[in-house]
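Take a look at the structures listed below.
The following pair of complexes shares a single chain, subunit A, combined with subunit B in the former and subunit C in the latter.
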Partner chain A sequence: MNAPLISITGLTKRYGSFTAVDDVSLDVAAGSICGLLGPNGAGKTTTFKCLLGFAKTSAGTIAIEGAPLSPATFETVAYVPERATLYDNLTIAEHLTVYRRSYKHYDDARARELLALFDLDPRQRAEKLSKGMRTAVALTLAFSIRPRVLILDEPSSGLDPIHQRHVLDLMIDAAANGAAVLFSSHQVGQVERAADSVAIMNKGRLIVNSVIDELKTGEKIIEAVFAGPIPNLNGLANDPNILRIEQVGSTLRAVTREDSDAIAQRIFALHPRSIRTIDLNLEEIFMNAVSRDQA
Partner chain B sequence: MEYVELLRARRSLSWHLGILAILTLGALYLAHEALLHVHGSGASHGPVQLSWLTWFATVFAAIYASSAGTSLNRENATRDISWTKPAPRTLVALRFVLIDVAAVIVVFAATFLLETLVLVSLQVTPVLDSAFGEMLELGLGASLMWYALIQVLTCRFGPGARSIGGILWPVALTIDGLAQVPGVVGSLAMAVDVVNPLAYVGSSFGSSSGARATLNFVPADVRALAVWLFAVLFCAVAVTIWPRKEA
Partner chain C sequence: MPAIFTVDPRSGVPLYLQLIEQIKRAIALGTLAPGEQLPTVKALALELTVNPNTVARVYRELERDAVIDTSPGRGSFVRTDGAGHEARRAVADVARTAFEGAVREAKSLGLSRKETHELMARTIARWYETENDA
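On to the complex of A and B.
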């Protein structure tokens, strides 16, 4: 694994007695994409705020490219907030000028490419733009500085499916060129498509932090359909490798953590009409993780 | 980053100078009519001291400063952009202040020049009097102190605080008025008046214009020095206290 460009260690953020982020540690290496998932209020945006130095951390350390945050850090960091912030009285072209004058690595040709990609007219004033167009402008600005670190909070918010696809492609392209990308999304499918690792937050805590492929191979569903009612499971539910058992009619679904073959054999011994092992998709992994944590 | 403020100042200056130009054209037209119909062409008026012209320049520059003084506050609304730029916040704030100060000076100078133009067209001779230098220093200093005071009062807060730029006018006039009242209230108002730019300017023109003379007991050169010092101090405080992080 490459050296982490984003490194969060033991991050805690409290607002009075409320702990918004609780002891979160997360690394994102150069050339990789980490998708941050979590229900509303899980602490994703607060994590981003602390990571970017917007909010004072209550505990923990943050390093970008191995160093603590400083103004110079932002030369290579691009951030797209959940609600794209723009200067309302400036045109898109004027925004590009602001970036050209602010960043050493600003690439005007790249910016023009991105404007075309998102169908943006540089003469338009920001106050006249729709939510999706504002997001597109924010993304254009972010990618135009050729960042080494990308922090994107709901980067496809308000975009149509075609432009959402473009955003994923841009992230993948940036990572292929050595950037570290950390992005949050409510669309699990986007994370599954673009990210190589996933971090799941719930109630301020990081409950999953893993490479997606490992997660998928780790958890499986064994689905058995019986000819009649489901027979006595003989203590199957108590098996430590079974995360959850669902029984609907004559169908039994067992979510397993590991050693799914052994579990499958135990279920097969109950003489089902059919039995199959299904790989979990990220959405199921997310749902399982959050519901386990809630429980 | 300062480019944002440069664009904002340019836009704001265009409006302000446009209004000044319209007022000047109106005044020139009225002056032309008055000369033709009342005195006939070629009539001449008495001289006017240049120090008087600084009063209008001060008022117009302070009106501009009321809006320009909220520039750091405006940046708070776009912190996602402005807090993630590769430049120290203090430097950004300092550049914003320098652009605004330059714009206030432009408004002051433009008003002064346009006033002179109107007077000359009225065939009034502007005379350089001995108080001109002092009044210029005091007037421009008071405009900048007004700007800096608004920066201090607004730079840490949200968009709602921008109304301070307008509210401060009646508040400053009221405090200046209360400072004339004898007793505790007057003494308190007098103490607050020390940081009230209008109190310094009013006292300068007080004897002839009917404006109040709260700080008249202070020599004019000391008042001129005070407004500049307060302007610099308030700007320094605003640059320092401009937020860098949320709670």
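On to the complex of A and C.
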């Protein structure tokens, strides 16, 4: 792993007595894509706003490419907000002109290519665009400045499945060229595909921050069915690698954090009639993490 | 590249393991020939719409397993030295995983060791016609 291009340390944001973001630390390295998941109101958008200096942090530090935020930061950072902010009385082509004048690394050929990719007509005025098309224009502008850091808040909202796939491919292409990408999404499948790491927020706190393949390797359900009542578990519930144990009738289900094989062996030693290990996808891991946190 | 890979990101099986298995299978079946060049990390990531670091990890692990060779600037290639051996080992890997899954399934359905043995013997008898079938 390379040095982080995005580095958030101990970020806290309070609005009066309400803590929107609570001690969040998160790094995204060059070449990496981090997917941020969380229920509505978890603090994802507030984290992005603090990260970009649009909201004042109550505590904690932000570094982009190893340095605190400065006007120069925005030469290399692209941000796509949840609701794209465009100039309603300008055409798409005029938006490109604004960008050409504002950004050193703006690449017009790239911008035209992306407009075609998203089936956008540069002559159209922003006020005439649908929500999805506005998002597509914001994405076109974001990727046309050849950014080193991309911060995308639900970048595919309102887009059709084909254009959504283009967004994932754009992120993958940017990461393959050394950019760091942080994006939020309600579509777990997108995170599962495009991201290498996942961060899960709930009620302002970061409850999961891990490499997706490692999460899937560790978090599994071991289900054992016993011929009679479930025997004494010999302190199995205290194993730090077990997140949760459920017992229903003669069925035992253990959710593992790591080392599911060793735990399966321990349960097997209790002589169940049958035992199996169930792989969990990211959606299930996400749901489990949030419900454990609510408990 | 004549080999076609597909991954299922929604599966609980980590993507890198899915891809490693498929590449080994392609080598075992000969759809990826010894000496053949693999796509670049970026090209394969974009082709499958998966994270580049995931593909990079797959290539690192295949290199560690002596299945492919990667040289900076040239790319990744299926190994030619002992390729037959590697292919056989790759076949065995793929077969072992499938076999383990089947036995685990039998066990999870509550079949005894004896019943599982009998089931295996019958299955082998169906697919291998004679004792001498190689």
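Rule of thumb we're sticking to: the second predicted complex is superposed on the first by the 253 of 295 C-alpha atoms of A that agree within 3 Å, B and C clash if a C-alpha of one lies under 4 Å from a C-alpha of the other, contacts with A are read in each partner's own complex, and residues count from 1 in each chain.
To be clear about the criterion, a contact is a pair of C-beta atoms (placed from the backbone, for glycine too) under 8 Å apart; a residue touches a chain by one contact, two chains touch by 3 or more.
Only a predicted model underlies this, so the values are computations on that prediction, with no experimental measurement involved.
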item: Touching partner for A:R146 - first (subunit B), second (subunit C), both, neither; value: neither
item: First, second, both or neither for A:F74, with subunit B first and subunit C second; value: first
item: Which of subunit B and subunit C A:R253 touches, first, second, both or neither; value: neither
item: First, second, both or neither for A:L86, with subunit B first and subunit C second; value: first
item: Partner chain in contact with A:R14 - subunit B first, subunit C second, else both or neither; value: neither
item: Which superposed partner A:R276 touches (first subunit B, second subunit C, both, neither); value: second
item: Touched partner set for A:K203, first subunit B, second subunit C, both or neither; value: neither
item: More subunit A residues in contact [subunit B versus subunit C]; value: C
item: Touching partner for A:R101 - first (subunit B), second (subunit C), both, neither; value: first
item: Common interface residues of subunit A - those touching subunit B in one complex and subunit C in the other; value: none
item: Contacting residues of subunit A [partner subunit B, same complex]; value: 15, 49, 52-56, 71-75, 77, 79, 81, 85-87, 89-90, 94, 97-98, 101-104
item: Contacting residues of subunit B [partner subunit A, same complex]; value: 1, 3-4, 7-8, 11, 77-81, 83-89, 245-247
item: List of subunit C residues in touch with subunit A within their complex; value: 9-17, 41-42, 45-46, 49-54, 57, 104-105, 107-110
item: Complex contact set, residues of subunit A against subunit C; value: 31-33, 165, 168-169, 172-173, 175-177, 189, 192-196, 212-214, 216-217, 220, 223, 225, 273-284
